[in-house]
Amino acid sequence: MVDASPPKWHLAHVTWFFETFLLKPFSSGYVPFNDAFEMLFNSYYNSVGQPFTRAHRGFLSRPTLQEVLEYRQYVDRTMTQMLQDELSETARFRIEVGLHHEQQHQELILTDIKYNFGNNPLKPVYSDSGRQACAATEMNWVAFDGGLVEIGVSGSDTFVFDNETPRHQVFLIPYQLASHLVTNGEYLEFIEDGGYSRADLWLSDGWSHLQSLHANKWHAPLYWRKSEGQYYEYALSGEAKIDPHQPVCHVSAYEADAYARWKGCRLPTEAEWEHASVESSLEGNFVESGLFHPSMPSISQPGNSGLHGLFGDVWEWTGTSYAPYPGYQPFAGQLGEYNGKFMANQLVLRGGSCATPASHIRPSYRNFFYPPNRWQFSGIRLAKATP
Amino acid sequence: MVDASPPKWHLAHVTWFFETFLLKPFSSGYVPFNDAFEMLFNSYYNSVGQPFTRAHRGFLSRPTLQEVLEYRQYVDRTMTQMLQDELSETARFRIEVGLHHEQQHQELILTDIKYNFGNNPLKPVYSDSGRQACAATEMNWVAFDGGLVEIGVSGSDTFVFDNETPRHQVFLIPYQLASHLVTNGEYLEFIEDGGYSRADLWLSDGWSHLQSLHANKWHAPLYWRKSEGQYYEYALSGEAKIDPHQPVCHVSAYEADAYARWKGCRLPTEAEWEHASVESSLEGNFVESGLFHPSMPSISQPGNSGLHGLFGDVWEWTGTSYAPYPGYQPFAGQLGEYNGKFMANQLVLRGGSCATPASHIRPSYRNFFYPPNRWQFSGIRLAKATP
Amino acid sequence: MVDASPPKWHLAHVTWFFETFLLKPFSSGYVPFNDAFEMLFNSYYNSVGQPFTRAHRGFLSRPTLQEVLEYRQYVDRTMTQMLQDELSETARFRIEVGLHHEQQHQELILTDIKYNFGNNPLKPVYSDSGRQACAATEMNWVAFDGGLVEIGVSGSDTFVFDNETPRHQVFLIPYQLASHLVTNGEYLEFIEDGGYSRADLWLSDGWSHLQSLHANKWHAPLYWRKSEGQYYEYALSGEAKIDPHQPVCHVSAYEADAYARWKGCRLPTEAEWEHASVESSLEGNFVESGLFHPSMPSISQPGNSGLHGLFGDVWEWTGTSYAPYPGYQPFAGQLGEYNGKFMANQLVLRGGSCATPASHIRPSYRNFFYPPNRWQFSGIRLAKATP
Amino acid sequence: MVDASPPKWHLAHVTWFFETFLLKPFSSGYVPFNDAFEMLFNSYYNSVGQPFTRAHRGFLSRPTLQEVLEYRQYVDRTMTQMLQDELSETARFRIEVGLHHEQQHQELILTDIKYNFGNNPLKPVYSDSGRQACAATEMNWVAFDGGLVEIGVSGSDTFVFDNETPRHQVFLIPYQLASHLVTNGEYLEFIEDGGYSRADLWLSDGWSHLQSLHANKWHAPLYWRKSEGQYYEYALSGEAKIDPHQPVCHVSAYEADAYARWKGCRLPTEAEWEHASVESSLEGNFVESGLFHPSMPSISQPGNSGLHGLFGDVWEWTGTSYAPYPGYQPFAGQLGEYNGKFMANQLVLRGGSCATPASHIRPSYRNFFYPPNRWQFSGIRLAKATP
């Protein structure tokens, strides 16, 4: 799959970020580790040069992992020296971006390893952390008044990405969000009701995709496998029977939307989600739990509003297209390519997942993927208008 | 191209609409003209059955045009009889939808013939209406205060599509729209400034598309051809040198967005566009002018706000994804497939074109196409935030 | 399908042949009918110029059929005048090639119409000639001694294509050919024995193709359709139940090879076929019968050797790759592109079909198609080594 | 590229061969190393089961190289025990096939590593053996009388593959072969004469391929790169300027054929090649030289006939399609899939290469690849008919 890259590439790319955007421009006399790396480990910065073809990253048998680790040590060492000196504002800013960037790739390394292992007939175990059995929960609706509210961030003390700015007003009609994420057991009912074969439940593009070669005729979430009437799910702890009480995971936006329609509901908008999250604390099942799998609701406690698992567990698909906020300004210079140019054809996801570092997430954080993508830890929270 | 269908198919399909949604359910004793037509001329209504493959419509050498015309007469005749009787509310509603549906296909027949002729090396002339030379105009900015405004329609006396409902509040920060559409001459400056080879101007998906096989390395709008340093443009009146004062036409949303970025501007949102259009009269260069080509500003007069050519000439790309309005309800029954299921991956266009029937358009009308589409009469109006 | 062209294109192309290779070089003062036709109706002669894309021939709504017929009359008239004059040897030769070329396209018009009609859900009838019910026949083996024999043609009084030359020696070990073509009934046994799902019966490329998108999971010959346990076959006289005694038709070389392997036999080589045909008269079910469908053995009588239906009915796949004979010389000049450049990846077929003009065929005639092709009237005659 | 596999896969596959065809059927009580390997390391034996998708071999991060080496030791150990016992004729035969099979993969490991390294922008060095500078040579023609000759093998004392049998008669007209292989310098003349842009020189399929996406617009042999007017060639010893006296290598059959046509010659048939090779000794530049690159004619001495470099250096494309010899019988049982099912769409290559083990090659040896393939060490020897 073109979206997934090998761990070695991720390691080299986050190193490349510091070399390219900090050492080369700001560290006088810096000698690049290997000139060819500028192109090899560029992800998508056209302003830096023509990147190496994404789909071919997996073919790079050289540099070896050992060489990449040496590259990393070399850059780390030089960065450490640089940090001794007085730094310009631009340099300080880029270092902060570089750290958040590295957190993003920490999550991607996990999702990409999962994709590689999950498609390997051997179903290798990445971590023997085991799975945490989930208790049954009961979903109820949490209502919000809406009105003219504010989302986004301006002039924050803590780091935010450009796509979270500026803070601005949006008008929301009264709405309700589900207290819990959709579970495997609930999703299974959708499957058994013929959800994957009823055109009326699907967006037209979703229905086409479902039946295309790319989808290879989806009939369940990614990593689910049916054998003798029982569904099994591959997790980083290995393959096991699905747990009906766990949040369903690795569904595309098309599947999330079809499930919501089947329930007579819809997905939340990103403004609804962000507004609702204000009363929730930033606790949840993040990568630090070591589970690498959603788990409900053993870790996360409901916020004051009564919403469980808003942060962590799974990225929650919204029905909102990833677009610039009114008055949006991209980061200056080459980092302007970081977010802005992807504002087409993607949907916003919110809340982080069990593969996200806890310190990386916040209410205003906007993740984005294409509607058919499902190799991320992505799940479903239902919404509806208050009658 | 998979999006374009032959005129014969359009003629049969709009006839099929009346046969399927009116005669079969409401005209007792109705004998279908040909049972196979139910599948052949179904466009995308999965609730009616599996449609004939869109990409193969051009291969249908049978039924002949003569047979399709007989089909049309047969259905027209039966519909005329039906109209003598008392009609249920559902039937009356579907007739109205059927007429608006037919207007949509009148426009598509023209755009599809243009696509077929424009790709024929003979460059056939469809209509010798000639082109109307355009006078130079000067663009200025028209400012709007925004605030908490209303768009969309609820409980209208006149027909509206479900996707225009309900009327609802949106919050707009102060913004400005260009008084005129972008012209060929202005767009040519973008081309000559290397617009098609500067990655920094493009959305990432646009840049990829630009260089893909599908795009065949775009270097100008569709129907433009360069010969010995001069650009020519195919119109339904034949090929001629581009007129620098005419609105640029047949650009994709990617091109529109890149042009706007090059100018330091952006595309309007659909809410901005609709709010701004309130003071404009519904006049413009529509299909009735017989020009079948944009023409500025000889026909349309500016609205009170000072916006020229808001209606007619070209569909204006907005930067807004086609999505349901808050509280959106699809049409009941099979016609629920008309609009709602397409609310993914497309952008809204506003204002109608020189191929749109005048009585078909209104301020709240939402057209929608995919960002790379450019065989429709689509153009560019710039927007920016008021500083 | 990229291989099939519309009748209008065939009509124009055979006219183009005379205009390009005779009128333009040899008729002084000739004024081309339309300069653009040189490119539009060029099939594959790179020496003439860049041909119009084959896959787009179906999109040429202009010139109209009426214009093509006028083009044809114009060229016919000028050719008739030219024939009054003394002609050079080259001109006389090219006229003869042009006539044989036209016969080839007469066959292709029929196979291409059949492909277009056969894929139309209306299953239009091209000719109401009806089908000729076939009597049961019994296949027996006809043995040939082989040895050092000659095939091909040198210095003939009658026209032959360059690919049939020169006459040359080949060594054949003793072999046997089936007296009759494989019938629908025999082929049905192969299907019902799981022939299409047994990898061991297929060439590797055939097995891959069978399961590819292109083949859309073949499970029977082209134009066969199964409904409630019964196979139907589309013919130019319409769709009807398969006749078990008719020669099976519209099979690819992969299917022919798999069938032969299932029977413990093989396909003949082209040398075996040609050597065996010497004692057969050139009679058979050709296009002149008006059946446009194979028919066994009502028309063709066995040759002295006892081989039935060697000529006409169906083109017989051989196992021999289309390659130059030893000492092969292509036609001189631009007509050198006629045959030679196709000598890669194709297999030879022999004997003509029910769509071939009787005067076009001869024992040395080499037709050639790619192994997966099956829209021609192609069938199977078994062969084996004499034990 | 789908044709190339990682070294780890090759190692496992040749081990799998012994496990599947020897240990499982003949070693009572054998416990498979890992049941999943049966599918993972099956190349194409449908009779064994559904093989793992070839194009995905590169994604198998597990089993690790360490595990594959353990698998190999496990199977080697068990095979060694088995060899102590009395073996059936079938077992002895399969062991012999298994050894020859392993030699084939030794060559493929080299060509696949070269493909992986050669496409890596770092151009890694596999072996620092250096290149052997070649002296200039002069090509002359060596004539053969032909006539009714024999090729192939029956009842040999040494191992041969089934596709080399049986020995049989073919008739050859007098012909000549070039004394030397075509060199880089000679091929460069073809390039500089516009060889890659002259349609008249190419087979139709070759010309199409040349301009297709797959070929990415070939303009020189694989691994050639032009920089500032100079061609460089990647070899396993690294990238260097092309040596004009070295045999040209990594050309497809289409390129070989086009070059031959440009010289007014043709490629040899496989019968011509084999008949001519009778007087040559089996010496040449094989893998044992450690050069991993063609080298002329420093190692190989001409045979009595005067042909240089017939064995080793490069596989020589013939113009002959890979097809069964008259009376061909595949190996019995599952090994019948070894060769026979590939007898479609491929061409025969002869003589071995600088990556072939010396003990693997013989005059009757038939290698086969598709005409566009060029990642093997494949080159050109010209032929022509004796006037």
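All chains are identified by letter, namely A, B, C and D, in their written order; residue positions are counted from 1 within each chain.
Operating definition for what follows: a contact is a pair of C-beta atoms (placed from the backbone, for glycine too) under 8 Å apart; a residue touches a chain by one contact, two chains touch by 3 or more.
A quick note: this is a predicted structure, and the numbers were derived from the prediction, not measured.
Trainee: Report which interface contains more C-beta contacts, comparing B-C against A-B.
Mentor: Between A-B and B-C, contacts are more numerous in A-B.
Trainee: Taking each chain's centre as the mean position of its Cα atoms, how many Å separate subunit A from subunit C?
Mentor: 57
Trainee: Averaging only over C-alpha atoms, locate the centres of subunit A and subunit B and give their separation in whole Å.
Mentor: 35
Trainee: At what distance in angstrom does the C-alpha mean of subunit C lie from that of subunit B?
Mentor: One centre to the other, that is 46 Å.
Trainee: Would you give the residues of subunit C that are in contact with at least 2 other chains, written as numbers and ranges?
Mentor: none
Trainee: Which pairs of chains touch each other?
Mentor: The list of touching pairs comes to A-B, A-D, B-C, C-D.
Trainee: Note which residues of subunit A are touching subunit D in the complex, please.
Mentor: Listed in rising order, the residues of subunit A that touch subunit D are 6, 34, 36, 39-40, 52, 56, 58-63, 116-117, 119-122, 124.
Trainee: Could you list, by residue number, the parts of subunit B that touch subunit A in their complex?
Mentor: Contacts found on subunit B: 44, 46-47, 148, 168-173, 199-200, 202-207, 254, 257, 266, 319-321, 323-324, 326-327, 336-337, 341-345, 371, 385.
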